[in-house]
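I have a structure I would like to understand better, so I am pasting it below and will then ask my questions one at a time.
Just so it is clear, A, B, C and D label the chains in written order, and each chain counts residues from 1 on its own.
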Amino acid sequence: MLEVEGISTFYGEYQAIHDVSLEVADGKLVSIFGPNGHGKSTLLKTICGLMKPASGVIRFDGKEIQGLPSHKLVEMGIVLISEERHLFPEMSVMENLRLGAYAKNARKKEAENLDLVFGMFPKLKVLAKKPALTLSGGEARMLAIGRGLMSNGRFLAIDEPSFGLAPILRAEVFDQIVALKNKGMSILLVEQTTGDIAEQSDYIYLLEDGRIAFSGSKDEALHDSVVRKVFLGIT
Amino acid sequence: MSIVADQGTTSRADAGKPGGGRLPGDRPKALSLNRQTGMTIGLVVILALLPLVVGDSNYTMRLLVVSMIWGGVSLAWDLLLGYAGVFNLGQVGFFALGAYASAMLSENAGLNPWWGLLAGAAAGAVVAVLLGIPSLRLAGIYVALLTLAFYEVLSPLLTVGEAIGTGGKRGISPITPYTIGGYTFTGSNQIPWYYVALGLFVVCLIVCYFAINSRFGASFIALHDSESFAQSLGISRYKVSLMIVGVSGLLTGLMGAFYAHYTAVVSPRVLGLEVFIYLVIMVLLGGVGKFPGPAIGAFIVIFLSDWLREFENYRMLIFGALVVVIVMVAPRGIMGAVDSAQQFVRRRRASPATPTDVGRSS
Amino acid sequence: MRELVEVLITGFTIGIVYFLVAVGFTLCYGVGRVLNYSYGSFFTWGAYLAWVLAVGYAELNYFLVFLIVLPITFLMGVAVDRVIIRPLRSRPEFDFSVLLATLGLAVFLDNLVLVIFGARTKSLPEFLEGSVTLAGFTISWQLLAMFIFAAVVAVILFVFMAKTRTGMSMRAVAQDPIGARIVGIPLFRVFAITFGISTMLSGAGGILLAPRFFMTPLGGWTFLVKALIIVIAGGLGSIKGTLYAGFLLGILEALVGWQLGLLWVMPVWFLVLFLVLLIRPAGLFGAVARKG
Amino acid sequence: MLRLEHVTKHFGELAAVNDLSFELEEGEVFGIAGPNGAGKTTVFNLISGFLHGSGRIYFDGRRIDGLQPHQITHLGVARTFQIPQPFNSMTVVQNLRIGEYYGVAGRSGPKKDAPWNDLAELISFVGLEGKEARPVSTLKLYDKKLTVLASALATKPRLIMLDEALGGLSAVEAEQSLELLQRLNREWGLTIIMIEHLMSALTRSCDRLLILNNGEALRIGEPRTVVEDPVVIECLVGVKHA
């Protein structure tokens, strides 16, 4: 479904991503872990067209997509759920969700997807008329995920869905993500810390300083020595 | 390698100041010969000698005097736009206030017009600083909005200011000319006017040159380049910005004062859009932040405008389009084009020895 | 007393038109980060196009004039965005480049009017003649019509922004451009539409106010400055602030014009602006304008 | 030397830094780490006067919260930025001269001594020799970072705050930078606070480590002990490894 081959991304001359390659097969949940500031968000932004890679190739369903504007990618079914959320603060929860369905093919399924989102996060239905800026951290996170789902994508890039969530909510969100995967969605997920979602991942990459430090199955990737080196800087 | 030479910094002469001597890469000494000083001196020499050639044409002399007046203002404005990054749109306002200050003092209070030059400069500086106090605390675009509002409001303000001697809509006219040792300047002999204008123009050149190429200049260029970094190195943003605004207002007011006595009339019409746009084109065409480009732009614009006189209404149409085209095609003006040409030539010359620009990529 | 009330009514009506004119300016900045210094020229163009249709070359009904002129000013705006603004967006000094380019454009557009129509002032006849007496106060039909037109346009604008997909996408871009890209909103198209709507509002202001002020080729410049002052006083990018500041300054204009004469209007406006900024540097409803 | 007492900074309703207190000893290397959005750079901005919050900040016993950035520099606190933005229209030396002059000019604090005699010495210390006359815009990232660092040092600070000094560098360059920082501390006696995301750099070079989480101090202490703490591991690695 998604193949990334040797991409590098810069902020000015600051190279955030060094020659990264990865792959997400159809219907799989692939996770990227790594400490903060190591380029995980930049990687997702590059894949979803918010940043342009300086070099490398990104293929979606075999078609090269690097450099396409983001709205074209959304039309193709590539959806980003950003860690920074990027909600529309002065709009209501409902308006935010409706804007999630901006793309043409998402518009047709707006009602259907709205039911799906409200089914996943009943709280959002209660909050429908509240402006997004009044939401708590957890509620805003739910809204960001909900808005992403409204886009009716086939491939979800989710950036730190658990960020700022209480443990109970975190588990709930992870359950929902697994449920999405079970429905056939392809998911590329990024987290700073490993935790439960690692258990559910089909494949894991560890990112250190903008480079793939390790990749493999969950057992290989989460071996103690690897983790201690990448996350804690000790061996 | 070529880049080092470009900076004119090969001198390793020891300046003997505390904290160590000069280093390669230090700011060139103020009077070392480089393109800036070379062009400036060349310009002044040509202007000093020009009356020998065109001295008997009062018409051409007038155009040159006007060019020098606006050349000085362009330089002063470019200090803000090009070097300090202050989007001040009220420059013509400082000019008008300088003109009014001098005219009102000489006509209403009987002050000798020569003192008016000081008064005009002071008026320009004071108003610039007063306007700077509230606006410089704001973000850049607010400065542009507020100063434009100031500029626009000035004309009605001077009109209603009849009670304090602004002369209302008609302005002040005639205005006493300068006299030297019993000789009174007249319109029929442009030579004295010309050399006074040249003197003031040289003042502007020198002040601007030293403002840019001094430690003070380094501070506002630093703020423009990278504001937070500059502050973290100990530069007070507010203080430096106010000072540079004051200097710019001072020079502009000075030129305004001369302008009043030279044209013998000052009215709110000087605040018209036409003057403002001319000034914009002078700076743009000459090159924003490219001393002494804006002054050269002034000469081009004044003569071009004179040449286009027969097109009447079409003239401003052309100038408006010209602004858009320069911004879109050559945002760095003539001096920017000179830069590019120089780099091109240098690269061509260097290319046999060094196939690529090694200095940049290493 | 009666005179005062009538003056206030006039001020209120002018206020709503000023709001329309200023909101277009603020919208353009809020959504597209463009401070459009050629904004006043579209005001002039709106007025002159209306003159062409209603007086100069035809005698169309005002309603029709609106229907024809507004789309033209809209398309002019879209064209300007495409041809001039968009290529500048990749510049590091976008703000500065746009400022100069739109200044130049203003001079170009104004002088185009001058070349085509000449320097002599023109006037649009009033929409309606006569006056109506309500509860003892005399209000001219013209004023009433102006109020109704402006109110209708304002309501349409509000509904458009609140309910339609395009309006929502404009607000989305204003509130979070990256968020807008994430949900698949094409930024450049929204920028162009916003610019068009903005110039259209300026043009509408031109038609509405033309009967009150004589039209001159450079007349739009005054309204750019009025829009600027309203927008700064209200807080750049804030529609609510623009509404309050528009009314405040409209009423102030009527009062000052009545008591001191029209020449005093701009000086008093500037004084108010200065006071507002001293107390609230970001304007009445502005967010963060202050730095350092 | 530096003391923060109950420092809090809200952005809207979000507390970026919440009731943070810690104290720095003279000569110490103090590291700050923590997940994304923990408030690390906000802490730097509060100390260096770019942001103002509530609570008290003291430097050498003198209250500095409320001062402007240039005033804090004049007291002897220098800083760098995550993404270096030196003065691009100037040469390397001209960048340093700004710090050398304005870092001292017009300041009110006590006279400052520097462990170097002139800029040439400073330049060779950080390793920018031979690049003095280069326009900064032609430098690569590593040298830009060195220029920014050297300019900050030119203000003759006693405390220097480094925001991700190693970010975006190659492994070799990062190693060199780290070495340089250690020399600054050992040879010149500078007190250092560093924000860093490379944990190995922190555990190697810091005397003490502060883990920030949600704007609050999760743990402060000797680095080895801190990173072995289950609470910290949970914060940095995840529940599974706690």
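Rule of thumb we're sticking to: a contact is a pair of C-beta atoms (placed from the backbone, for glycine too) under 8 Å apart; a residue touches a chain by one contact, two chains touch by 3 or more.
Values in this document were obtained by computation on a predicted structure and should not be read as measured data.
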If you average the CA coordinates per chain, which chain's centre is most distant from that of chain D? C
Please tell me whether A-D or B-D has the greater number of C-beta pairs in contact. B-D
Measure off the straight-line distance from the CA centroid of chain A to the CA centroid of chain B, and report it in whole Å. 53
If you average the Cα atoms of chain C and of chain D to get two centres, how far apart are those centres in Å? 48
Per the C-alpha centroid definition, the whole-Å distance linking chain A and chain D comes out as 32
Which whole number of Å gives the spacing of the CA centres of chain B and chain D? 41
Please output the residue numbers of chain A that touch at least 2 other chains, ranges allowed. none
Two or more partner chains touched - positions in chain D: 50, 68-69
By the touch rule stated above, which residues of chain B touch at least two different other chains? 231, 237
Note: in the complex, chain D contacts chain A through residues 12, 14, 34-38, 83, 140-141, 144, 164, 167-168, 197-204, 214, 224, 227, 233-241
In the complex, the residues of chain D that touch chain B are 48, 50, 68-70, 73-74, 78-79, 81, 85-94, 97-107, 117-121, 123, 132-135, 138, 148, 151-152, 154-155
Okay, in this complex, where on chain B does chain C touch? 81, 87, 134-135, 137-142, 144-146, 148-150, 152-153, 156-157, 159-160, 227, 231, 237-238, 273, 277, 280, 284, 313-314, 316-317, 319-324, 326-328, 331
Please give the residue numbers of chain B that touch chain D in the complex, ascending. 3-4, 6-7, 9, 19-21, 23-27, 215, 218-219, 221-222, 225-226, 228-237, 359-360
In the complex, chain C residues that touch chain A: 165, 168-169, 171-172, 175-176, 178-187
